Amino acid sequence: MLSNKTSDTTITASSSNNTSVNPAIDTATLLIKCKDQAGIVQAVSEFIHRYGGNIITLDQYSTAHEGGQYFMRLEFALSGLSDIIDNFEASFGHTVAKRHNMTWRLHDNAIQTKVGILVSKFDHALLDLLWRHQRGLLDCEITSVVSNHEDLRQAVENFGIPFHYVPVTKDNKAEAEEQIHELMAGNDLLVLARYMQILSSDFVKRWPMQIINIHHSFLPAFVGADPYRQAYDKGVKLIGATAHYVTAELDQGPIIEQDVHRVTHRQGVIELRAIGRDIERNVLARAVNWHVQNRVIVTGNKTVVFN
Amino acid sequence: MLSNKTSDTTITASSSNNTSVNPAIDTATLLIKCKDQAGIVQAVSEFIHRYGGNIITLDQYSTAHEGGQYFMRLEFALSGLSDIIDNFEASFGHTVAKRHNMTWRLHDNAIQTKVGILVSKFDHALLDLLWRHQRGLLDCEITSVVSNHEDLRQAVENFGIPFHYVPVTKDNKAEAEEQIHELMAGNDLLVLARYMQILSSDFVKRWPMQIINIHHSFLPAFVGADPYRQAYDKGVKLIGATAHYVTAELDQGPIIEQDVHRVTHRQGVIELRAIGRDIERNVLARAVNWHVQNRVIVTGNKTVVFN
Amino acid sequence: MLSNKTSDTTITASSSNNTSVNPAIDTATLLIKCKDQAGIVQAVSEFIHRYGGNIITLDQYSTAHEGGQYFMRLEFALSGLSDIIDNFEASFGHTVAKRHNMTWRLHDNAIQTKVGILVSKFDHALLDLLWRHQRGLLDCEITSVVSNHEDLRQAVENFGIPFHYVPVTKDNKAEAEEQIHELMAGNDLLVLARYMQILSSDFVKRWPMQIINIHHSFLPAFVGADPYRQAYDKGVKLIGATAHYVTAELDQGPIIEQDVHRVTHRQGVIELRAIGRDIERNVLARAVNWHVQNRVIVTGNKTVVFN
Amino acid sequence: MLSNKTSDTTITASSSNNTSVNPAIDTATLLIKCKDQAGIVQAVSEFIHRYGGNIITLDQYSTAHEGGQYFMRLEFALSGLSDIIDNFEASFGHTVAKRHNMTWRLHDNAIQTKVGILVSKFDHALLDLLWRHQRGLLDCEITSVVSNHEDLRQAVENFGIPFHYVPVTKDNKAEAEEQIHELMAGNDLLVLARYMQILSSDFVKRWPMQIINIHHSFLPAFVGADPYRQAYDKGVKLIGATAHYVTAELDQGPIIEQDVHRVTHRQGVIELRAIGRDIERNVLARAVNWHVQNRVIVTGNKTVVFN
């Protein structure tokens, strides 16, 4: 996220990031948000060119009205990047970024994003992330899994990933969240892979736009508990899932990705949940990958996704 | 609908109803709703067999719990059907239907369903219905179009279909609805093809489960006005449309069909509306066709669709 | 399959088979194929009714032309089924089935289908099946996995399923197939979860319509080797996967299920393969589930799928 | 197309082209193809900036291997564009384009693309294009329709578009094509909206990458005649349609867009054709719109589509 101060996210050459880059060459990703104005592409590309960099991909978007916002995602290759990135970063900030009043972030793609996962008892979203990670399909390092139940310890440890049990009760919620916060320190992103505890707004504020949740409905339909039963009761013909950033307001954070699947009157609540699990795991995996590939920019309560 | 007393809906041999029937042979459709119990298929099929009928398609569904409901849709071929249908109907009512306490309806497929359309200024849903009808893709007779604007008169009359202008104001709403009711008398179904007036509950009660509306959102998300703007403001990644029966409660009637289309941050409200028009016209056409083919049974606030 | 003489396939009450059956009550599935003719539903339902059975689901389909074929799938509940199934089966065969010249099969749903899996080095399709099985989402018993590589032994044994290594070379192909045949004896279905050896027509003949393969393209496009490269070279905008029964003719057996995913010019061959893996595992799981739930009937080189 | 020398394609402000441009401000679209190399974005954006232009959208893509190709599509706003476009064009050609050895084309978006349509008897693809055009959803001028049958004259003339009847027989094919070529002179694009005559390679050569055809199958499956029957005979579970540029080799030109729809064993050939018509008209409309918005670049036998 643009609000993230560290520049530690990576897009590895083995990833599905559609670039033409030679894996041996250093690359970086630059995210920019500013007021729409003439000359941005020119200024940025000129700056990179002066350092000898080559633009690999460039995506931009601006909102349609007067006083609109401008967003850019740019990957460039630059031989010997790690030696000069501090200089590059400082210089860019003092010149181009200052001149155009940009909010911006630069990422050395050689450094992997660190991701921690929170889960309760449902395993489908968690295991799908671990699997994809093991196969090299997730561009990040999964550091650990925290759960308020012991059930999934074995499954997680089979992947060689540390598992921490942090029980949560009515009485210990604040202490439990403090413990989770400490266990997760050092991560760049927390993923709620069907974590069934509501995080306090204090906790959420410490991880601004750094927590992704998978909600098991096509939001904004069916907020709250047991959405598949709500969907069944309503008789909808499609059910869905939504990956979104967690904000203090429950189920209302910026949506990153959604998908749906067709159902009929024949599917009961149990079948809806089974179908839903498949949607959930796919939607969450896509959202996490886009985040760690620095493809998501939050603006207001919405996302710009350069995918 | 089962609550419809007339038996005038048709499934023509030229339709897409997937039957193996010889168009020269008479067919009928039987819809049944009753308490789930043993022996229904046996009783019904035995009755039809005794008349020399041959079952072409049989769909059934029962709800999963004790005291569940049972639903059946059955098409059969019976040579010389029109000569004996009154006898068949009376006899079925006094024997099988009575014994199993059925709500039921029999349709001679040689008689076409009569459909009237209400529209305002948007033409896409209306014209798609007229087109499909002209090409033989809608199994019904479109009798007339009523609009509260003159704009679409020419487009409708080009298809050889009568167009009636019934202006609606704050002051004449009751009179206008009375006029519409009279103009539409004799129809079996009213289709609101983006009719932008809210029908009174008095009007709706006179056409129970006989009015289909196309709502331009994926209900229950975004009820009410301007759903594409709501979808834009929310930043959803899929937009949709919903065809449903009209009940007294706005946007809350039983859902017949829904579909969605993927969008991104790049689409503004205008683009969302354009994409939405394509979804709307397809969803409405499917819902209307299923209704006139007697594929839809309402139960509570949900639908069973045998498609 | 109808050609399968054993009646050992199951649809457990915990499955997603959409039935209203009480899990404590015995159920069976009846598959029928015969010439289209009047009175079939009547005869079958009357027979079941006489035994005190209650029809839970009934699907039928007949081909559209003269001399057409008729297909039926019927589930019924019958208390104490296992005590009288032999009598039921014999009696049905001598009366209804004989009279209508039916090819048919009866399955006591209390007995689980036995499934063996063949795999090479790709793990995605295999592991997805093992996962779904572990979660109770596949209505069968997975008995063992055979591979021509050792790579996936640990992954399989983690699920508590026996793993057999049967290397295949140019010289030992016949012996290897004999060994596989013996290891797999007792199974009702073999699943090729990306098994990269072509089975001999001798082997295939011993498992008629009892081998399901996942082909990594939208057949009949891109038969043969490396379909994702073929798709890339052709520049198609959708890629897909196909689950089909294995016949002596490579990639030409009856198709059970297919699905596709949208791609663009930006995806290289590596990305196409990654996207394809997701399609493959979902398509294969659906096809296997439909088979073990007795939802698939082969007719000619096509399938009727009652799902 | 890049091979098209004229600069007469338009992206109107009322279109779905996702830009933030003020409709009162002049815009142009620049398409570039060259060898991948450092500094392209910098050179192009610097050139536009020097003229006072503001980049609205910029899409680029480069192939993944050494010696790769580079593609760019760029829209920019420039007040008073029409007065200086000749100077701009000449200057760009002599400097940036020459230095980077670019194939390129500049389009003044105030000038509309001229499109002629060829059709036979099927009306669905044609009428959908005329409708969308009438509603302002196609960014082009439709100049005329040519058909080898009289059937659709009235339907076309209802839209106020000239209709020309050019019968084609075995004996007059060359003359007919000559007549079509003359009638279509002045157009930038020909659309075959189910035109059932095979155009000679001589004709095709005169309209290089300027003819779009809708093929009624998911190519490369089911080339040749009656693809829906082929699909039915094969028993595929999805049917589709493909919009592609016409080349001398039948059904083998670069694919612009494809889509599919799920079918089952229940759909006969007639139903497949009906479903197919809906896919065809949507796929063709998308392809035509992308072409006239200059979103398609042909490379080899594939397309890069910036949509």
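To keep things simple, chains are lettered A, B, C and D as they appear, and every chain counts its residues starting from 1.
One rule holds in what follows: a residue touches a chain if its C-beta (ideal position, glycine included) is under 8 Å from a C-beta of that chain, and two chains touch if they have at least 3 such contacts.
Chain by chain, the UniProt names read as follows: A, B, C, D = Formyltetrahydrofolate deformylase.
All values derive from a computational prediction rather than experimental measurement.
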Check: What chains touch subunit C and also subunit D?
Finding: A, B
Next item on the list: Would you identify the chain whose Cα-based centre sits farthest away from the centre of subunit D?
Entry: C
Margin query: Given that subunit B and subunit D are copies and touch, would you call their interface same or different according to whether over half of its residue numbers are shared?
Written below: same
Check: If you average the Cα atoms of subunit B and of subunit C to get two centres, how far apart are those centres in Å?
Finding: 36
Check: Just how far, in Å, is the C-alpha centre of subunit B from the one of subunit A?
Finding: 43
Check: Could you say which residues in subunit C touch two or more other chains, in rising order?
Finding: 64, 266, 268
Next item on the list: Over in the complex, which subunit B residues touch subunit D? Could you list them?
Entry: 16, 18, 123-124, 127, 131, 135, 137, 158, 266-268, 270-271, 274, 278, 282
Notebook entry, point to check: Any idea which subunit D residues touch subunit C in the complex?
Noted result: 61, 64, 218-222, 234-238, 240, 254-260, 264-266, 268, 301-305
Next item on the list: Name, in rising order, each residue of subunit C that touches subunit B in their complex.
Entry: 19-20, 36-42, 45-46, 48-49, 52-60, 62-65, 68
